[in-house]
Amino acid sequence: MKKYKTCVMGCTGIVGQQFVKMLNAHPYFEITALSSSKQSAGKKYGNAVIWSMGGDIPEYAKDLMILETSVELLMKKEVKIVFSALPSTIAKDIEVALAKEGIYVFSNANAHRMDDDVPILIPEVNPEHFDLVKTQSYKGKGFIVTNSNCSTTGLVLGLKPLLDFGLTSVIVTTYQAISGAGRHGVSSLDILGNIIPHIKEEEDKIERETRKIFGKIDKEGIKEANLEVNSSCCRTSTREGHLESIVVELNEDVDLETISGAFGSFRGIPQEMRLPTAPEMPIIVRAEENRPQPLLDKDAGTPGRAKGMAVTVGRIRKKAKRVNFFLLVNNLIRGAAGTCILNAEYGIKKNLIK
Amino acid sequence: MKKYKTCVMGCTGIVGQQFVKMLNAHPYFEITALSSSKQSAGKKYGNAVIWSMGGDIPEYAKDLMILETSVELLMKKEVKIVFSALPSTIAKDIEVALAKEGIYVFSNANAHRMDDDVPILIPEVNPEHFDLVKTQSYKGKGFIVTNSNCSTTGLVLGLKPLLDFGLTSVIVTTYQAISGAGRHGVSSLDILGNIIPHIKEEEDKIERETRKIFGKIDKEGIKEANLEVNSSCCRTSTREGHLESIVVELNEDVDLETISGAFGSFRGIPQEMRLPTAPEMPIIVRAEENRPQPLLDKDAGTPGRAKGMAVTVGRIRKKAKRVNFFLLVNNLIRGAAGTCILNAEYGIKKNLIK
Amino acid sequence: MKKYKTCVMGCTGIVGQQFVKMLNAHPYFEITALSSSKQSAGKKYGNAVIWSMGGDIPEYAKDLMILETSVELLMKKEVKIVFSALPSTIAKDIEVALAKEGIYVFSNANAHRMDDDVPILIPEVNPEHFDLVKTQSYKGKGFIVTNSNCSTTGLVLGLKPLLDFGLTSVIVTTYQAISGAGRHGVSSLDILGNIIPHIKEEEDKIERETRKIFGKIDKEGIKEANLEVNSSCCRTSTREGHLESIVVELNEDVDLETISGAFGSFRGIPQEMRLPTAPEMPIIVRAEENRPQPLLDKDAGTPGRAKGMAVTVGRIRKKAKRVNFFLLVNNLIRGAAGTCILNAEYGIKKNLIK
Amino acid sequence: MKKYKTCVMGCTGIVGQQFVKMLNAHPYFEITALSSSKQSAGKKYGNAVIWSMGGDIPEYAKDLMILETSVELLMKKEVKIVFSALPSTIAKDIEVALAKEGIYVFSNANAHRMDDDVPILIPEVNPEHFDLVKTQSYKGKGFIVTNSNCSTTGLVLGLKPLLDFGLTSVIVTTYQAISGAGRHGVSSLDILGNIIPHIKEEEDKIERETRKIFGKIDKEGIKEANLEVNSSCCRTSTREGHLESIVVELNEDVDLETISGAFGSFRGIPQEMRLPTAPEMPIIVRAEENRPQPLLDKDAGTPGRAKGMAVTVGRIRKKAKRVNFFLLVNNLIRGAAGTCILNAEYGIKKNLIK
């Protein structure tokens, strides 16, 4: 199989590094460009990055010269696919400009998530939303596909198997890791031994993105799901892995075993297609009384390329039609770079990328 | 005013130490005895305790010889009031035995909380429940009064002002400090940089205790409130102060200012009576977008004896009849020793203690 | 006693806040001005500061309008004394300019510490160095007095009583709290669950400042002590209090009791003069096998104004002429604002300030 | 190659788990038995252990029935080699009894380390000490070989390349991770946000073990090295990886490049023999100004079986004949299970095991 020339934009940040790590020796993508802000441009990646992913920088990336993020430079490099880990304010214009030039943009940035013609895609959850790109009016054949906010990704994966039971209301309370805020996002004086009950715009993102992801597509575009989503978000003294306490109301009174079975047996299209970054089981159910935990479950998923791509569910409890459970999602992998890559893999297998 | 001869049982643990600290120079109580398990009995308190309250051990306690916890020894010391920080299994029998001998037991232990004739008392919330002690059939004039679990105490204080708006449902999700589990309750390997989504029996306690505290007393005793309480509890990497994310359903659609005002203007009987350990304002409302936080708000309350006795509420949000807010309660002070002492102060002022 | 009109420069940072807290109701100083960078200037202190000192902002400071740090504005306010918590780059010029205008500058900044005519003063250690200000050639009567780096302050206090035994060599290894790096100095991703074996320029400061502080003053100025100082510095996951492991070589083989006694009985001029911020005992010796600890000993000192002003020494061990011990210094109080204030108190009592 | 029937004693603790993990699919050892205390005996390993090694329990171990640690049971299983992760008090007698029965004991326990006829072996450092087992008088052909305390192992690896320059004195100050104290060794209330300047017996172990390891063997046994070792040990809020600040005095004044080169080019017999658990480079030198760090360097070593088997050295500084550097050793791998396994691999390759 021919590999696509690919660029990681925003390659020095935490999510950018996660892309660089996960794309090492990837069967579909050949990383021929890495881009960043002026500050790092012109330096070798190995010299410019403060690597925080554990282990060493992949060999392929060490000597790549970082480009300044610009349409011209990426065109010159004949890049076909970009993974965007840019800050939203910067992503906004350049992602559109790239799509206009026929480049396929898979973006972890928030900038275009709520655009009418841009899907927020989690391929186990709403693969049909990929079709939205057909309504994008860029002159070339490029498009923009986004994945959701890290907390949302975990949430919708956990909710998907419950849709069959008539999900009517969701209350989610989060315990989010510091890596979710990026390299310098949280000062140690603020968080060490503390909890901060506020993450800028996070609650709004979770509520709106969830309704969009569970929306229906028809001729006129996307129609948001009529689902009550209530969220409260906290930053905690953890490094990796967002924990979520989820309370749902169902239309049916289903027994615990059925619910647990629905989680454990859930498979999506990425599993059917055996996409490289798809975990065998998207949801892992733990029977222990004290799981999931960030430290123990952040790497859940199939060892290798899909490590960290499964969410973990535990402590399922119910009273009548109300069900409680905890869920853990790796915010950097499943919640960011990993799903973004999975989206591109899916696009390629669906022949949506030329 | 004559001071009552008083004993702190379980004086070497975290809550026991908090009692010893808060009872220093108290206007109502004279600590004439400290009791503990065999292991520490016979030693001076200053030598036996691993003091973890900050500052120094109060002078009055340093040279007190620790007694083994036993009815006989306390009788001999002519103790009139005991504050119990005993483990529940040990508290169970001895608290009854002490009450039978005419001793007034104020207990932070879980053992008798759900007994039909024992009140769980938070004097700002359900002072009328003190009357339950009259149904206790101990031959002498002693009785047992308990305070609630640390998380419950914070919760019911926060819910009390909302009762007027027709509270019908409560969903609470907690971020609990390690000090809540006692001196050796949580291994550092388990919690450092981690979250544990399980605290033994905690969720059940919160749900049952809340319904009992909001119950009505009539001739036949207590009738639990018909209130749906749903809780999910986690241990986090914090030292002191339990944070709670609370979602309530009201019967009325009240505006935010009214709700915020109800919190901030709430006063209870301890405030009216100006009890020594009562904070001026039981609930402090913070307007900042990122409060309450354990590190910044754990000491909320009136400086001096009532430091840590106020709960802090923040981030009040609403959609129709559903209201979200965060609440912080100092688990060792308001959630344990402080309320227990406040109960005894109230009992004395009400002339329920001879 | 008349109070001096005083300004805290750099009032919104961590050390600035510590000054504002410690100067509350001070018998010598009346804070009539607070200054900061443009960003906060023009705002009320209570609105501009992110208060992180625990408790509330002192009443006196809440409504003070912050000035932009400038000689003109401070002159206009007729300020006589300034406490400087400015960043070194900014402190460099303005501190000189203020001294030239007759203002007495007590500075925690690093900028002028190693200037030939500027003393690094720890009044328990080298009060005679105050005389250096006489060699400062500012046209008015102002001067600059600095205190040392936070780690150095702890170290020299611990070494002072050992000088009598012929101190020849010092090896110090530090465990430094994040508050030492200021409000946003250490990213949580860098330090949570980690140790960073590097603090910019810290080792050099410790070595040079120590030799200057123990230097002798003669007509030609200061002559650095001939003392070998070797330091290795780490940032650790602690909030407040720098721990230091100290190994010294003495000329004499003194027994442990003598050394311990020398620490415990040490008193300096601030104790003799009963300065308001002087602790009764500058060095507290702990006999326990596991002290000093940051959490338990950071507040050592006399309760009230001198809380946190004592260093704590423990685990004294020796083999022949080599002595090991641990020392804890509160980096914000004794290591910064507290000693700076003590220097000004000493200057006033010595009539060096008009 | 025939595999040896092997047992891990003390299989449920932290070090025991590390053995179970590292011995998965090992080319020399077949784990046919796992032993533990009565409490876990009779249970399947997968059910008895609270796995804290990340990832899943190796398949081979999941269904192994845990034996109670006893000579009889191990004999019955025809075990030839045991790896001992027992507590010292239990290890003391049973390790001798096993050796008497012809079993080869490789022990991480402290019990016999200082016995005259038992080597403390780090095969890169003192492989010739293996000969000491010939002086062990057990009737069969078994023997006891120990590895050193976790901090000592790191230290002696770092010192070995410096011996050529005439090492005369060592001062080591440690920053030790909580995992070094075992599963429940450190209460979270003691260590969270704190440092404890005391680890029971650790300083004594470091000093004595180092002198023994660098000792010379002659006919009369081992003669300890005449080397001054001074150590100060602290527990810090880190999970894995002991950091050490090391100051040495050399006989020669060697330049920095020579010292750095000596670290980086150092190889030992395990590297020559290409033992399965030997890292390619036992010492990795980092040029960055802020390394080694526990989080970033704990896994140093060759990926796969020798991950975590290299120590990392950084911040090498010198003044005349005094050299400072920081060193990081993975306390569970190189400092415990890993070296113990390496010792057994070496014994097999040397034909010292039948």
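Think of it as A, B, C and D in the order they're written, each chain with its own count starting at 1.
In the analysis below, a residue touches a chain if its C-beta (ideal position, glycine included) is under 8 Å from a C-beta of that chain, and two chains touch if they have at least 3 such contacts.
In this text, all values refer to a predicted model and were calculated from it rather than measured experimentally.
K.L.:
Show me the overlap between the contact partners of chain A and those of chain B.
P.N.:
Expected: C, D.
K.L.:
Quick check: more C-beta contact pairs at B-C or at B-D?
P.N.:
When B-D is set beside B-C, the one with more contacts is B-D.
K.L.:
Among all chains, whose Cα centre is located farthest from the one for chain C?
P.N.:
That would be chain A.
K.L.:
Quick one: compare the interface residues of chain C with those of chain D and tell me same or different, with half as the dividing line.
P.N.:
Here the answer is same, because the shared fraction of interface numbers exceeds one half.
K.L.:
Rounded to a whole Å, what is the gap between the Cα centroids of chain B and chain D?
P.N.:
48
K.L.:
In whole angstrom, what separates the CA-based centres of chain C and chain D?
P.N.:
43
K.L.:
Which whole number of Å gives the spacing of the CA centres of chain B and chain C?
P.N.:
41
K.L.:
Multi-chain contacts in chain D: which residues touch at least two other chains?
P.N.:
52, 192-193, 237, 239, 296
K.L.:
Inside the complex, what are the residues of chain D that reach chain B?
P.N.:
Residue positions touching the partner: 14, 52, 178-179, 183-193, 237, 239.
K.L.:
Using the touch rule from the top, collect the residues of chain B that touch chain C in their complex.
P.N.:
Within the complex, chain B contacts chain C at residues 52, 54-55, 192-193, 296, 299, 303.
K.L.:
How about chain D: which of its residues touch chain C in the complex?
P.N.:
171, 173, 175, 193-198, 230, 232, 234, 236-239, 243, 245, 247, 289-296, 314-315, 319, 322, 324, 326
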